[in-house]
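As written, the chains take the letters A, B, C, D, E and F, and residue 1 is the first residue of each chain.
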């Protein structure tokens, strides 16, 4: 192939790839003046949240008791700014697409003007920040649970410094607050960052009580409508998923139906167990490794997978 | 230990570590003038491919319909350059090693001169680019499959913006084209980047039909000689692997024998199922979670793992 | 909410988050003059170790036989510096916390002065470096095992360039040496980096013989007190974990008790198998995929998970 | 001084430095939602302008004739975006300050709403871009003048690649267009970047004809109201400055009065000459090195500084 | 030249360049545990000082009145840390050299132990910070002087945002405080950063009163023992230098003798004037451009350079 | 202006700017496979040269006598690689242009094949490196001259750490070697980096003897054909330039004619003096500040600029 032929081939391909019909549903045309959802910004947000919640463990600066208010103050201010931008981005991103034919043509993002949306985004970011003290309190119970649940852990500091479950739960608990506030897209992007970092895929919609821990954690899946009580422990590879889901008259899955398990207090679920559907695993149950559970379990019962 | 003793110990260790015999098979001597395979370059290549295939979802620049051709043009040009370099690097890297005693001493990379290899690399990069419109078309079917397969997904935009399956399949489908063109090393390095990012290990040699999706995905393994039909759905932790493999007379595994499953159209395989060997899972089968499948399954059949 | 109200809410939250009681156990006050454990520094350490052990495969510089001693010399010098800092950071970090009420109030880190600790850290870094030639030798057997164990591998170079098992084992084998030398925190932080990168969670305390390999690897867990013989092969999702653990009189798990499996030579464990407790899997055993093993296996036996 | 005393001293200083009265006139309170003038953004703007005007000499990408339109298209699009932001920043920055007591309290920036200002900024950025073909044409004459004026120059390429006069004039000629369009602050910030880079301080308000060159250039000063004809050559250290300036009734300098020299066509001014005030240096004059000129010079005359 | 010959030549050169005698006086052997003087750290220090002194004009963060204390608090804390390190580096750097044969063999840096030096450095950094409110007050007079002295300036904001004289004086006034506190090397390194950025070379030892300004500034030199009153204005290229200096019995220049001009209040010195030696330029004098002054000037006198 | 109008205006401008005729002489079409001259690479080269010549003063690594050979070895290897690339870039850059109509159409760069050029570049880089020991020896005399020439200098270390004259002369003396070896473009680009950094513009073709120093230095110009003896000292703003230059029959300046001053041993030239043309300033002369010299000066004479 001559250089000329290659150039020709490239030019033709550029034409083909720029053809509007070839881009249908795969192209995001950005509205001028709106921020874009940004993984990098979300990673900064996560770092800021960690630095605010666990000062000295995360964040670049050295911290001491006398000046910690300066540090938290600066981090809170910056968190508000970045988060408001990303919330705004999330509010318009999905709406702004020509991909989803099911949604009404009247675009909510267009109906409300940019200034209103900006104000709302800022209020939501402020609301999230005001919830951080409570988020820190519940995370403190998770740290203790992780320490008590692992004989290999030598100190609380080790848990905070390197246990993936704490990294994931910090992101999840913040993302969950955003989810309950109705912020679209952004909470899910945040938990996907945790998913990529630790292999634990916890949907931001899940409801998870205090003193929760996951050991090792790779491969864990916790679905959107899960309800998890307090003092629950999971091991790696555990799935709390949906069995199947009803379709609407167009053959599309009906969204928002409760379809994931309810896990009551004090349950332990061992490695690679798969619990599917809106079943209830009663208080104090033990689910053995590599089991497949599709039915309710009475409180204080156990299930194991026996090999031949 | 005195400072002098430490310095002495270090110097001795440097000597030991530089000793040619200690480096045998673990040392890559780079041929002057040839590019090195580079994870960083491959990550740039992946970003460019994403920005070309899904403009506005990936890539730094804001995009609008009028100027999209400029963006795609610049990205295509840069993709060609980077890809040609990495293809060239791949072509010489493996050959260039003293590690593999099995390979003939006549080094194909030495036999063909650098200029010829450069020209070939450029042609292959051009060829890959010319396949991108088709790659985009098949990925479009995967996006729809992911959307239809997950009630938690609220829009196509969400799928494109944050679902790990799309990140992985974009890399896989590009790497697969390079694999079928005979590019060594590079396709595998690309899918390992996806593996690290999403926990899904899809060999670039696998054949995968349209409308394919994987939910959650962590722990999924799809082997080199797999053949997957259309409209197949996998869940996290599914292995499509090899059972065992014959050895040659020297006790080395014989390469290239079909040894992974054939999955026909419309199959669903639930979490943590393990399908091993050149078995055929017939059209419309359902493989339950945590099962171990080593035999063919007739079309439209189901298999479950029952616990005691 | 007015701008004033938002500012007020933020200020109140900063107060709440800076309140000493709210920070109890979640705050790391850094001792002036001591280095902090740093993921970034540990990643540099890992890159240096890889560049020293496998020159030309890792590290930025091009390498040739004549000048390799310069490269290794510079990398060794820098490794010593960075590692000594991180060892020092590890020695003081856990001690420095107010989190762990169980530990004696007499802080060993305070008792010994900074200069002594610095000297010790430097000696330990030097000691680690002096073990690198042996680390390289055992890693060389792992590379061969990975090559022989995967028909999809086309060359040793491919193994070294992109197989996640080699990335993980390089980190593990270095971290294990630090663990046996008594370095706190740092070895675990290093293996968590590998865990995040490859989904394989190998505790630095585990004892692993030569010619060890893990195929694909996502979801693998190897516990602290595991003992693994030579020529063992694992597949993705395999857990070598603890069954349960005795509590002390305060209800805390007793640390340091042998509680993970012993895997003898020549064992193969297939995908997603879960082996729990201080059981012995005898020489030459085969553990099938998706099994749950809680008892000893006699040498040369096999176990499979049969579905209905 | 004890650690406590130091902490106390720092805290007191923070208080003192945060005291509003101490900040009077030295503090820039940013209006929410407005971009800030940014040296970094301006440096990007300058790089983009250079890459558009002299493709292949500046800018990261390799360029060829076939695809140059893609490159210029992408660069133009990005230039418009960055420039519009900086123009907006400039329009509000000065107004937004409490420093300048002379300016009317009715803040023009507040009177016009943000959306109007954004639209204007975008139009001005577009207008600037539409002038770039003309800017390139006049810069082409400067390149020839630099080449002809320096026997040490071996090629036009050398002029474009490394002569500081071209770097400076590219910035000046772009900044001058912005100045004539009434953009505040930004043009001056741009020429100060050139000043720092090359030591040539050309005010963006100066009027400079084609085929202009400055040899070496360090220390050159060209004032705001200078008018320079065509084919003029300056050497390093030449000042075209103001003699003195009238004050208004408050003792403040009256702004905007013509107070710098008029240099007619074909003039050469040698090193370190200082020409001050609204004098006219006639066509074809030669001003010797180290002279001080405060009077008109008739066309074709020469002046020298004779030493004893 | 064959590849072998080249390699040989390189190896020989490495030997020659590593030869201790060839390094005599040109080699800095770093004492383990001591920080190195670092241009990068000094640039960070300068950025922090600017952000503290003129919040909102410099520094990345957006600032508002309510939260400015957080910002200044964080910046002050970081400034103390960085500055203490660099002061320590400066205290040992010069002493640590084998270059200067004149200095006594008893190394003050060795005599005092590291901990004492660290404490002193921290105290000096704290002292510098406690002087910043006064530094801001005098810089405020310089800003006004620059504004009043330039008809081209349109606002105070423009002065603060882009006038090189303010950049330089901010560095100078901070460096001067360090100089008067006896910090070696570091003040000079700081003013050399200003020199490189703006072309103004002001020795940190010079004494400069309030309301000082320099227009344009490139090429200005102000020597170590200069004393400048209040309300003085210089133009570009002005030298306040030394005439000649007495040598000691070994032919070395005697250090520390007053040898630069005294400039009294209200003096104006025009472009490229050179004032040399310990002369006094009386109150209210005007020194014309391109003059060479080596004698005292009585108050209110003028001097001009007349050309032929 | 409507958004549509703006888009139209931009598109038209892109067309205009891409028009081949508008690019004539201002466009650099890069030959595929050839490196580009790169300021960034040249800055790396300068940093490497400084780190090799003055270890411990420049370069990131800490250095000690025992391991200095590793450091120099690595730096030398990297310098050779980078320099060979830039020499190659320089050899083709100028030739590759359509700008210079005077040059023969037979492009020397095309006549000689790439491999030959690469080999030559590598040899030239090696040759340069082999001259570094001699370069260090002469720079050592310059360091002493700077120390002896400035009463404000407190140690040799201060000279090496922050005097701009040493930064400039290091670049100049390396660039001069490349210039004498016939490397095009690159030496000039290197001295322009020094020019921008320090305000001293020394042409790489100038011949400068040992023990040379420049105090302060901003604004100094030393022309291509200057010859400077030993023990010469210049002050800031001194020009050693060309008077005028003969034109050829086409009106172009004739290149390469000796046209700059000869400065004999032991000359001192004070601030802002301008010496023009092929004059000889005899041994031991003193040229006063702000003088303009266009005639020979007999040895041991002095010249001053007397003001009225």
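In the analysis below, a contact is a pair of C-beta atoms (placed from the backbone, for glycine too) under 8 Å apart; a residue touches a chain by one contact, two chains touch by 3 or more.
This structure is a prediction, so every number in the text was calculated from the model and none was measured.
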Inquiry  = Applying the touch definition from the top, give me the chains sitting in contact with each of chain D and chain E.
reply    = A, F
Inquiry  = Over half of the residue-numbered contact pairs in common: that is the test. Which of A-B, D-E or C-E passes it against B-F?
reply    = C-E
Key: Copies chain A and chain D touch via same or different residues, half shared test   = same
Remark   = Greatest centre-to-centre gap (Cα means) from chain E is with chain B
Ask   = If you tally the C-beta contacts, which comes out ahead, C-E or A-C?
value = A-C
Note = Computed over C-alpha atoms, the centroid farthest from that of chain D is that of chain C
Ask   = What is the distance, in whole Å, between the centres of chain D and chain F, each centre taken as the mean of its C-alpha atoms?
value = 26
Inquiry  = Please tell me the distance, in whole Å, between the geometric centres of chain C and chain F computed from their C-alpha atoms.
reply    = 51
Key: Residue list for chain E, restricted to those that touch at least two other chains   = 14, 62, 69-70, 73, 77, 199, 218-219, 237, 272, 288, 290, 304-306
Touch relationships between chains, expressed as pairs = A-B, A-C, A-D, A-E, B-C, B-D, B-F, C-E, C-F, D-E, D-F, E-F
Inquiry  = Touching residues of chain F toward chain D in the complex: what are they?
reply    = 1, 6, 9-10, 12-18, 20, 22-23, 25-30, 32, 36-37, 93-94, 96-97, 99-100, 103, 184-185, 188-189, 192, 195-196, 199, 201, 203, 205, 218-219, 221, 223-224, 237, 239, 241-242, 245, 251-257, 259, 272-274, 276, 288, 290-293, 303-306
Request  = Note which residues of chain E are touching chain A in the complex, please.
outcome  = 61-62, 67, 69-71, 73-74, 77-78, 81
Ask   = Given the complex with chain B, which residues does chain F contribute to the contact?
value = 7, 10-11, 14, 33, 66, 70, 118
Query = Where on chain B does chain A make contact in their complex?
reply = 52-57, 62-65, 68-69, 72-73, 76-77, 80, 122-123, 126, 129-130, 132-133, 136-137, 139-140, 143, 148-158, 160-164, 197-199, 216, 218-219, 235-237, 270-272, 288-290, 304-308
